[in-house]
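Shared between the two complexes below is chain A, which has chain B as its partner in the first and chain C in the second.
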Partner chain A sequence: MSNDLSSEMEVDAFRRLFPLRFHERHLQESIRPDARPLGKARDTSVALGAVASADGSALAKIGCTTMLAAIKMEVMTPTTESADEGCIAIDFHMPPICSPLVRPGRPAEAAPVISKQLSDTILSSGMINLKELSLVSGKAAWMAYLDIYCLDADGALFDAALLSAVAAFSHLQIPVVSLNDDGRVVVVSDEDGGKLEKEPVNKEKRKLKLSSIPFSLTCVLHKNYILADPTAEEESVMETILTVVLDSSFQLVSLYKPGGPVLAQTSVIQDCVALTRQRLKELQKILNEAVSDMEED
Partner chain B sequence: MEIDRVDGRTPNQLRPLACSRSILNRAHGSANWSQGETKVLAAVYGPKAGTKKNENPEKACIEVIWKPKTGQIGKPEKEYETILKRTLQSICLLTVNPNTTTSVIVQVVNDDGALLPCAINAACAALVDAGIPLKNLAVAICCCLTDSGYVILDPNKLEEQKMKAFVYLVFPNSILSVLPEGSSQIGGEPMEHGVITSVTHGVMSVDDYLHCLQRGRAASAKLSDFLRRNLQSHSPGDLSKAG
Partner chain C sequence: MAGKSGATPSTYSPSPTTQNKKRPPIFSDVDWVRSDGRGFHQCRPAFLRTGAVNSASGSAYAEFGNTKVIVSVFGPRESKKAMMYSDSGRLNCNVSYTTFATPVRGQGSDHKEFSSILHKALEGAIILDSFPKTTVDVFALVLESGGGDLPVVISCASLALADAGIMMYDLIASVSVSCLGKNLVIDPISDEESYQDGSLMITCMPSRNEVTQLTVTGEWSTPKIHEAMELCLDACSKLGKIMRSCLKEAASPVQE
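Take a look at the complex of A and B:
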């Protein structure tokens, strides 16, 4: 078994020259190079309110993967088909700072794909009732611009991006608006808020009600092993990636497996869903703690 | 039956399939695949020398270019490109022609639902036509979940818009092998039951997903047969347009 030069060279050299064998040697011992067991995700943290100028923002970290999400609210005129609904525009950015694979000037290939996945997940999960974003039916509604910046891309980008997006929405404070004399909706700024004679349109509705929040877990499949929450190195060495998104009532929001050399049998899919259920409880706890920390301050 | 479909099909019934190959003169391989009114044209060029940046030069690189029916490509098309690329990568033998690039160009002719599965089937037939070495064929299918929890297969655009959720699934084609029966089984399940690609849209329960998986598998056998028959019926010795 050990005639693969591993005993004759330094560990770092072996890791570079035979990355697959390096990882397989770890997997045989049910451990990963960063000392995690196979099914365990990296340390995760969420900090709300990282961007003071935004209406809602959050910084999420899963291991080294770092995502900064910020929401800006703007008043728009809704379309005639959905007169009493607001709108959410989601964009995911991968600037060159995040990874050596992203070059300036040329946009990263993964960015529009993750962006599309995020908007599909957030909109189809029904986490946000778009009717809550309506101000005056047919006349004015909120447009929420959610921008997510990847600051450090070390694997499981979608998980971190979704977590930061969800956290930013739970931090969101909708600005107070009122109607002016021309019947237009204007944002009431803090300074003259008290002096305004007009009653604010949305005095009560300052927070969005989030129902069935989606959480995700990305797994890497290799032979019979399932590795939860892979790092960028693990993702590049073992190419089969499977992302499961569940909402808080354990409904399946998305099961995304784009190709890869390993075929997912039913039992593997069930194992991944089970891992995601565990992870969902962890993430819920982390998010709730972040929200209650914020309210104490 | 408890659900009526607009076009009078039974829930498990696929739309009429049609596939023709070698229809483009300059392409190294091409195929036209249609499922009912959904029609996709795929062309393959390559293997060409060299790989693109950030690709592993020790393996063959696959490049997918998605051309919509009208207009510029946006985020959905980029996502389709990535899914198609990764799906094709997993069925191609990438180590036979290292440091080469194979371009797959997918032109949407008409979209009437189940577009991505149709494009995957077209691309797969075009790769065969171009003689690119493959591990196995892939067959793609779209399963839809109605509000009342029924699964219907291969929806058209109208049905797709009305559905609660839908799943795109890609399965490997069963291999006709000289190896004894059961040798290609993985963990007690035959190989063709494994999922190459899964893309879902909409909320459903895990059991509903597994149900879709089961129905998709059953239908993929029919698709596999069609693809295999279609490939075999092609006249052998048609090598005149090589190069």
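Take a look at the complex of A and C:
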């Protein structure tokens, strides 16, 4: 019956009343409502140094999905088990500005899930050697607080969040610090650089060495179709999603499929991994360009 | 891995906090130069854009120096079930900060006081009767705090409301002035705010020449208050023009 209706109805009305049929119609023609082919991700951009009050920051955009990540470095006393290691604390926030579904005092369900996924991915990928965050063995080490804010939520939140997080780490400038007489770590400011009383403890270690940076691609699985980089509308209407994280040497870091009626067969997972490999090259290029743009300035 | 497992060790920021520092004597002199090189009666350059958040009904981004703010407007949408029937619409405001907005890492929690000031500043300009039984939500996030946060949030919020097509009597522009010793300093940055003797903020509708909110704190003499109000009203009308042109700019490509 709705088939007959579709020929008479306005496109927008049809889209709202029968969202699934609307999308399936497109899928039959191997195209998506925003004119993308099924395997193509949206336009992506990265800008480094968006927040001056942080030690490292980045703004990442995938289509309309926007993430702002910033790192603040604080000093902590390392535990006795890992005396020469620093720490990274990762938190993902969805403030009420980002989506009509989030309201103050009622946080989004997705936020803690993504927060945990990000934390697991970044720490287990081995991108950062925690030993590099040590200042004085057993006495002082860096605690890197990475906070990621979703400014606009339009699907593929994890991908955008991870991209902004790794970009913020590549922008990170560790402040030069020295130990004062009370044994506290203080920043060496440029102004009194001439009359230095104490030698800085980390003159050499201003940048973290990032090895094997992880990149991800989320795909929507619907019947036999695989749609890369879904929008919020596609995510909400279709059956399930699958997120693949690969590191820069194409090693699998993480694979995440949160239930849903479609089972991911081996061939489907292989297809998703292949799509992620292509996407990884794109993302690497975008990140490298952002870094070299910043160095030129 | 040592992520967030177990109890988070207590940490401190290595940068010296401004609270411990004494007020530099320079501020009590008659002549000194502001750290960003502005004149005392000169505002920071304002950057305003509408349509920052796609999933909102209306939104705006404002950047005044280092102060960066995003405001999203949602609705008019159904009021909470618990609310009584009302002939006029409701306005719901919320202001929050990111954890990295301030020099020392904060908790990123809601700012209740600012939320209520924002509500009072906007309420008078919105034609609430135009959306009975429903609520308009105005949510602000301060991405970076560089001083004069509240006036920027208020001006940005009125721009976002206009972007959402909410009926208003006029745009709302807001500017603050700090009193530092003998001088009045308009649109103060964080450092100037932390050493101020008093502060005055005006929120007004520039084309109607009506004030929706006036806040005065600290030590003021009557002639100083007059002078500060003149300064603010003048700056508000200029800011109002910038906001108007920003809206026109956003609307013009659609007409083509």
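In the analysis below, the second predicted complex is superposed on the first by the 292 of 297 C-alpha atoms of A that agree within 3 Å, B and C clash if a C-alpha of one lies under 4 Å from a C-alpha of the other, contacts with A are read in each partner's own complex, and residues count from 1 in each chain.
To be clear about the criterion, a residue touches a chain if its C-beta (ideal position, glycine included) is under 8 Å from a C-beta of that chain, and two chains touch if they have at least 3 such contacts.
Here the structure is a predicted model, which is why all the values come from computation and not from measurement.
Peer 1: Using the superposition on chain A, tell me whether chain B and chain C clash or fit.
Peer 2: fit
Peer 1: For A:Ser124, using the defined touch cut-off, is the partner it touches chain B, chain C, both, or neither? Pick first, second, both or neither.
Peer 2: The answer is both, since A:Ser124 touches chain B and chain C.
Peer 1: Between the C-alpha centres of chain B and chain C, what angle is subtended at chain A's, in steps of 10°?
Peer 2: 120
Peer 1: Is A:Thr77 contacted by the first partner chain B, the second partner chain C, both or neither?
Peer 2: A:Thr77 sits against chain C, while chain B stays out of touch.
Peer 1: With both structures superposed, pick whichever of chain B and chain C touches the larger number of chain A residues.
Peer 2: C
Peer 1: For A:Ser254, select first, second, both or neither according to whether it touches chain B, chain C, the two together, or no partner.
Peer 2: The answer is first: A:Ser254 touches chain B but not chain C.
Peer 1: Given the touch rule stated above, what does A:Lys281 touch, chain B (first), chain C (second), both, or neither?
Peer 2: neither
Peer 1: Does chain B (first) or chain C (second) touch A:Arg206, or do both, or does neither?
Peer 2: Neither: A:Arg206 stays clear of chain B and chain C.
Peer 1: How many Å separate the nearest C-alpha atoms of chain B and chain C in the overlaid structures?
Peer 2: It is 10 Å, taken between the nearest C-alpha atoms.
Peer 1: Just which bits of chain A does chain B share with chain C as contact spots?
Peer 2: 120, 124
Peer 1: Going by the contact rule at the top, pick out the chain A residues touching chain C in the complex.
Peer 2: Of all residues in chain A, those touching chain C are 50-54, 57, 64, 66, 68, 70-79, 82, 85, 87-91, 93, 95-100, 103-105, 119-120, 123-124, 130, 143, 145, 147, 149, 151-154, 175, 177, 184-187, 232.
Peer 1: Which chain C residues qualify as touching chain A in the complex?
Peer 2: Against chain A, chain C makes touches at 1-4, 8-16, 52-57, 59, 66, 68, 70-72, 74, 77, 94, 96, 98-103, 105, 108, 110, 137, 139-141, 143-146.
Peer 1: Within their complex, state which residues of chain A touch chain B.
Peer 2: So the residues of chain A in touch with chain B come to 101, 109-110, 112-113, 115-117, 120, 124-126, 212, 224, 240, 242, 247, 250-261, 263-267, 269-270, 273.
Peer 1: Would you pull the chain B residues touching chain A in the complex into a rising list?
Peer 2: My answer: residues 54, 75-76, 78-79, 82-83, 85-90, 165, 167, 170, 172, 186-187, 189, 191, 193-206, 208-210, 213.
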